[in-house]
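Given below, in the form of structure tokens, are the structures.
Presented sequentially are two complexes of chain A, the first with chain B as partner and the second with chain C.
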Partner chain A sequence: MLIDQTHRKWFLGSVVGLALATVVYVPYSLNSPQGPKGSSVLGLIYGSVGFAFMLFAGLLGLRKKFPVWRVGRAQTWMRGHLWLGLVSFPLILFHGGFHFGTQLTRVLMWLFVFVFASGLLGAALQHFIPRIHTAQLPMETIYEQIDRVRGQLAQEATRLVDQCCATLEGEVSGASERQRAVAASAGANWDVTVASGLQADEPTSNELRQFLLTEMLPYLEKAGPRGVRLGTAAQAQAMFRHLRVLLPPNLHSQVDDLENICLEKRQLDKQNRLHRILHGWLLVHIPLSYAVLLLGAWHAVVAIRF
Partner chain B sequence: MSSKPAPEIQLTIDGRPVSVPAGTTIFDAARINGIPIPTLCHQQNENPVGVCRVCVVDVGQRVYAASCIRQVEPGMTVKTSTEQVQAARHTLIELLMSDHPAPCARQQHSGDCELERLAEAAAIGQPRFPRRATPRGKDDSSAVIAVDHESCILCDRCIRGCDDIRHNWVLARRGKGYQAGVAFDNNLPMAESSCVSCGECMVSCPTGALTNKRVVGTELGQGDVLDPTELLHLPIFQNVSGTFLELNQKAVVKRHYRAGDIICREGEFGSTAFYILEGKAEVFLSSPMAHVRTEGSSKGFFSRLKSMLAPRQQHSRSEESNRPFIPIDASVDLPYDSPIAELGPGDLFGEMTCMSYYPRSATVRAKTDGVMLEMLRNVLDILQRNKTFRAQLERTYRTRALDSHLRSVPIFASLTKNFIDHLRDRVELVRFSPGQVICRQGEPADSFYLIRIGFVKVSEERPGGDLILAYLARGGYFGEIALLSGSPRTATCTALDHVEVVRILREDFELMLERFPEVRASLEKVAHERLEENRRRITQIQNLPVDQFLANGLMEAQSLLVLDLDRCTRCDQCVRACADAHDGVSRLVREGLRFDKYLVATSCRQCRDPLCMVGCPVGSIRRRNTLEVIIEDWCIGCGLCANNCPYGNINLHPFPVELDDPDHPGRMIAGTRVKATSCDLCHDHAEPSCVYACPHDAAHRVNPPEFFAGLLKQSSPLNRS
Partner chain C sequence: MSQRTRTTKTLAKRIDLQYFARPHPFRRWRLWLSVGVPLIALGWVVGQRAEGGQKAYSSGPLAHSHAVFTQQCGLCHVARTGAFFAHVSDQACLTCHDAPVHQPEQTFTPQCSSCHVEHQGAIRLAATSDASCMQCHANLRTRDGQPHYAASIGGFDRQHPEFSVLAPGRTDPGRIKLNHYVHLQPNLMGPNNTRVEMSCDDCHRATGSGETWPYASTELHSAALKLTSQDLNQRGSKAPMVPPAFAWHCAACHTLQFDNRFGNAQVPHDKPEVVHAFLIKQFGEYIAAHPAAVHEVEASNRELPERARIPRVARNASEWVEFRVEDAEHLLWLKTCKQCHTLNFTGGPLPEVAKSSITARWLPHAEFDHQAHRAMACTACHTRAPNSRDTADILVPSIQICQQCHREQGPMKESAEGRCFECHQYHDWSKAKRTKGRFSIPELRGTARLRMPKN
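Right after this comes the complex of A and B.
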């Protein structure tokens, strides 16, 4: 989510709320003989409000599970999650008087720190990475379709190489026929035109096939660029430059297409990487958040009851 | 529209005084009077060009005249078979034979190479002239037609067939001198050219230069194969080329049906048409007569949308169609209330499927034991050009279908039987090939048109290209604006596929308006609405830099789902919400065109140029006056609209229904039938689900002209400075 001017209201609300909480906390902290405690009235208020904010933030997961529910626009929930989640951390710190306590509360606080940090990291990632995505991946596809697109690229590359090889090997006779006909109609000697006909170029086509089998297909069929020369833009450029030297100019457009296929594959790899970064932090954030909510509830019950 | 008859011209042909209308060619004058003149390059259905000169005749001038192009003149004396004329013909045929590989493929297969028959008749054996030294070669690339350039005599019959008759514009002349020949497109092999294998060139060719290949798939399996002699005995095949029937023997078969047999099913993709020789058949729709209704309460926290089938009686939508008949691919329309009709001997059905490969529009079942002819496109096409068959088809239409066809159009519902009887003998059925212009913008208006078969594109010529105003299907009508206002045509109407229209002449149209003021009022209202809509659209286009968007079709959209990619985290919540809102069938895909940082997602754009409507075999997809796409109750779920939508924005939604058990007649089994659906903007809710569910404020439904105009303003360098 892009954090921009549209968040102004939430930002101001959070700042005002936090300032109020701080204004109340400072004299409370200074005037408490044994320091601020979670069991005091104010401490309980901070704890309850903080936990309520945490609960609200946690409910975003449920909201997203049922996107069609008309319980408020999802973006309102997301903004609430972001800003109330942010404010909940200082409130909980105020609740505990900046102490992590012992045993359960210590575990709870450290978990909360991780949740908070991972949340901040996630917000930052979701603020910046979509723009990188948009700017650097013009050939982006749907993430779930990447494997399928890779398969299609491999098929396309095979088709192009077959086409080039056919031109190099099989269609020579056809080409020379045309050449003969044109030359003959222009009055040339038949034998001369036969001698000038193209010769089948099997070594080149073998080399091209070898390139497909050993370089391109392994690269296209495998997810990620590791261990393959075509995965690096500079090396790929050098390889295609060599191919252009090897092949006659009439096949250069096919070489361009093959190079574009590799470029698209590199973009797919990058998309894969960025997508994992963009959503990978949730693997930490979500389970820890549930743990914090469960332990927080347990802590509330235990603290109030005992 | 009345024209004076041409004055008669008196002349003498071979000593016989004859009288023919002015403008007649000598060849036709001789033919009318039973005097044969041989020819190679001239065919009755093509414009004469006079290139082979075999039809030369002596008209008493310095040089002989080609009778196929030379028109008669008063007092002309024509000699068609003097010794000198025959000697000239003899030399011409001998010259042609010297380059002809006798016997050519056609002579070998069917013994009717026109050149070789002429040579035989003229007793020409071994030509005295040497053969051409440079071979012209063969083209074996096509799967259906063999091309032997060696046998070509450059008569141009194939070129005229391709260009003038079929308007395919594939064939043309190439090369000069000995290298001259016919070429496909830019001298490409036939298979690589834009040739549609219609076979017109093959049927037109007088020699073995273009011959039929016997290939799998061009023959109908099962049924009684009729040989050409048997076919020629059937009245509908009278005057059809025996050569063509010989070459396409298995392209038409006779089938016997027992009462209850299913002849074809709605939604199936076929390539044949049926002609009923004996017996009766009933045509009906087995798809549920209901539209997809998606609803859910807009109040309440946990309201969900639910898709269901709802017939008109249960649920009426705004601007509901009031068409009482459903158009199908047969001579009759089906009443909406009881979609079943009867076909009898002489009826043809499946024309659109056969000619334009549309899905079958209805299910046809034999009502009594009967016999039908099933034919492929090439046979039907030849039949359609046969005057005997056309006359019969028109007769059947006038007597049986005109009434219901006119009444199927709501504005003509009030016409009296007397007036329809008056029109019966006056309307004209006119056929148009794909791409042919029916009426052109700026021309004077002389007729009103009602579409019987096919699709018509209505466009207006604008600087920078044509602006598509509408697509009209069977039951649609056009030409009323110019007739009502007395002005020239305001738009160009072009046949998109094989189109047949009912033409009502200006006099009859005016009579109808005079006698039926309510028809006039309805037509004037429609004309006004159409003009207003066109004007609005043109204003929108004029206010924007159209060329930037036309290429992407964005200007054609009325509503776009746009994702701001700088905000979008690719979480797919929008897709999930759409699927959730429509019983698990998403109506959007998060992929599509990119414009700057915006992605135009694959979701119905409510195009102004709705290509999805072209081809619907039952005309069930249309748009409201708001231009929103609406799919009518009688959608048969064939999926053609989904295929036609260039943006992949129409989906097929399966619904559970009860179906007839084919194994146990009378019993029902559970099954599913699909109906086409497109984005309905979750109209029961204040906001579409995709937009509502986007947590990142990335998804927006926008009005393209406003949105892109704003975007251009922002990004314009002038505005930045």
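Right after this comes the complex of A and C.
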């Protein structure tokens, strides 16, 4: 989510709320006989408000599950999640007087620290990474479809190489007008064969197939660039330059296509990587958030009882 | 030039339109973790509960004195039958600590737990915060509207009044004539005509030091040893100074000889009646053993104050005893005893000795631990003592001297502890009643279920 001018009201509201909470906390902390405690009236207020904000932030998941619910715009919920979740952390610190307590409260606070930190990281990632996507990945696709698209790229590359090989192996359909004319004259000139007329070049064809089988397909079929030369742009460029030298000019456009396929694969790999960064923090943030809400509710019950 | 086309149509054809309906590893992981992590958290809570203790809910470790009860929350958190709440009530504290009230005139009695805050770790529970005391003492109100103490105290080094004993016009009520200046002079005549130089701790030491006194009597009279064990033991944790006593501090130099016939024999350091009886007995026994002495003319070479040297000859033994007792008492009352005591001759045969009225505790509402201050020279604090010539001088140090080291922030500010509890006690433990223990060891340790009282 881009944090821009549209967040201004939320930002100002959060700053004012936090400033107010701090202004109340400082004299409360200084004048409390035994220091600020969660069980004091103000401590309970901080705890209750902080937990209410946490609950609201946690409800974002529910809101996403039911997008048709008429309970405010998803964007508003997202902003509320971001800013109220941010403010909830200092409020909970005020609640506990900056002490983590023992056992249950300590576990709770450390979980909350991880939730808060992962949330901050997530907000920063969500702010910056989409720009990288837009600028550097024009060939991006739907993340869940990357594997499928990769398969299609492999098929496309195979098809292109088949075409090139057919041409190289003397298939008339793949020859140019001039080659066809030369091939047609085979027999009239004793040293010209049909194959030579079509400039058939079986060794090159074999080499191209070999390139497909050993370099391109392994690269396209597997996710990631690990251990494959085509995964590196510079090495890929060098390899395709070599192919262009090897193949006749009429096949260069196919080589360009093959290179483009590899470029798309590299972008998909990068998209995959960025997606994991962009959403991977959620694997920490969401489960720990649920644990915090659960233990927080239990802590409230126990604290009220004792 | 690449011939590949990337139209919207060609791109759309690549996509499986039902992809969102199929599980994806990322979403699957998110789901499993979202279920699993809270379940683990729940399992931990349940596991802790199943272990039998409620320690997981503790907001912090207990103080030293209560740490042994850590597993038995119900000892303090008493839940009434059917009630949800189990807050700590004063009643739970009073079960073991029958803490007497602070002042009968106080208008507000805080809850035990508001001053003695538990679950703060291994602290001394008596080390309460100043703010607990300031609740009342910052603006003291009493039932009768007449505060007997400073009505507004803000902390030891901010707004604490001077010690009341040092108020202008206050004097030492003691009646023993003692000149500190003289006693601290060098080359003083000591026991057996030796020359000595006394130091403060020759006479002033904390109780229980166990060392011998350099100027104590070689034969301590039992009467002198009636020394106020009650005084010595009051609030015994912070050892007070031993109150000065003749037998321990004076007897070696201030001898009580009464007649040359008896060599170095001394009268008991006791009431005049006891001294009088002692003298009659001594002289009676002497004349019985030396009947010829009755007719000896008394050649007095002693300087008897306020009395002419008129030799007197007794006609019989009883008269001889009377004359000798009279001479001896004259020496004692007008010279030996008078040197230190105030004697009132109210017309009776024997004088009345004014009560010594030595102040055992100069700060009756505070405690001072001399032992804790042993690194300092006595005169570092008692600055006026070396030059004090008058018994009426009060030699208690000013609060400003204490404030040089003791600050409210205490060790946090590289100072000595300066909070209220360091010198003052809230509860007057001398009025504490005995409590009756009712728990077994397993109950206290949390290995057995707690039996609730029937009431």
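Miscellaneous remarks
Following the convention adopted for this analysis, the second predicted complex is superposed on the first by the 279 of 306 C-alpha atoms of A that agree within 3 Å, B and C clash if a C-alpha of one lies under 4 Å from a C-alpha of the other, contacts with A are read in each partner's own complex, and residues count from 1 in each chain.
Quick note on the criterion: a contact is a pair of C-beta atoms (placed from the backbone, for glycine too) under 8 Å apart; a residue touches a chain by one contact, two chains touch by 3 or more.
Keep in mind it's a predicted model, so treat the numbers as computed, not measured.
Annotation for the three-chain superposition on chain A: chain B and chain C fit side by side. Residue contacts after overlaying the shared chain place A:Gly227 against neither chain B nor chain C. Residue contacts after overlaying the shared chain place A:Val107 against chain C, while chain B stays out of touching range.
Shared-chain residue A:Pro249: touches no atom of chain B or chain C. In the overlay built on the shared chain, the residue A:Ala74 is in contact with chain B alone; chain C does not reach it.
In the superposition on chain A, A:Ile261 makes contact with chain C only, while chain B stays out of contact range. When the two complexes are overlaid on their common chain A, residue A:Val302 makes contact with chain C while staying clear of chain B. After overlaying the two complexes on the shared chain, residue contacts for A:Ile142 are found with chain B and with chain C alike. Touching more residues of chain A than its counterpart among chain B and chain C is C. Once the two structures are overlaid on chain A, chain A sits at the apex of an angle of 150° toward chain B and chain C, using CA centres and rounding to a multiple of 10.
Once chain A of one complex is fitted onto chain A of the other, the partner contacts of A:Met1 are limited to chain B, with no touch recorded for chain C. Taking every C-alpha of chain B against every C-alpha of chain C after the fit on chain A, the minimum distance is 5 Å.
Note: residues 141-143, 279 of chain A belong to the chain B contact set and to the chain C contact set alike, using the contact criterion stated above. Chain C makes touch with chain A in their complex at residues 1-4, 6, 11, 14-16, 19-20, 22, 24, 26, 29-30, 33-34, 36-38, 40-42, 44-45, 48, 55-61, 73, 77, 84-87, 114-115, 117, 119-120, 128-129, 131-132, 134-135.
Per the touch definition, chain A reaches chain C in the complex via residues 31-35, 37-38, 99, 101-105, 107, 111, 139, 141-145, 148-149, 152, 156, 253-254, 256-257, 259-261, 276, 279, 282-283, 286-288, 290-291, 293-295, 298-299, 302-306. Against chain A, the residues of chain B that register as touching in their complex are 134, 137, 179, 298-305, 565-573, 576-577, 580-581, 589-591, 594, 597, 685, 687, 689, 692-697.
If you check the complex, the residues on chain A that touch chain B are 1-2, 6, 60, 64, 66-71, 73-75, 77-78, 126, 129-131, 133-134, 138, 141-143, 181, 184-185, 275, 278-279.
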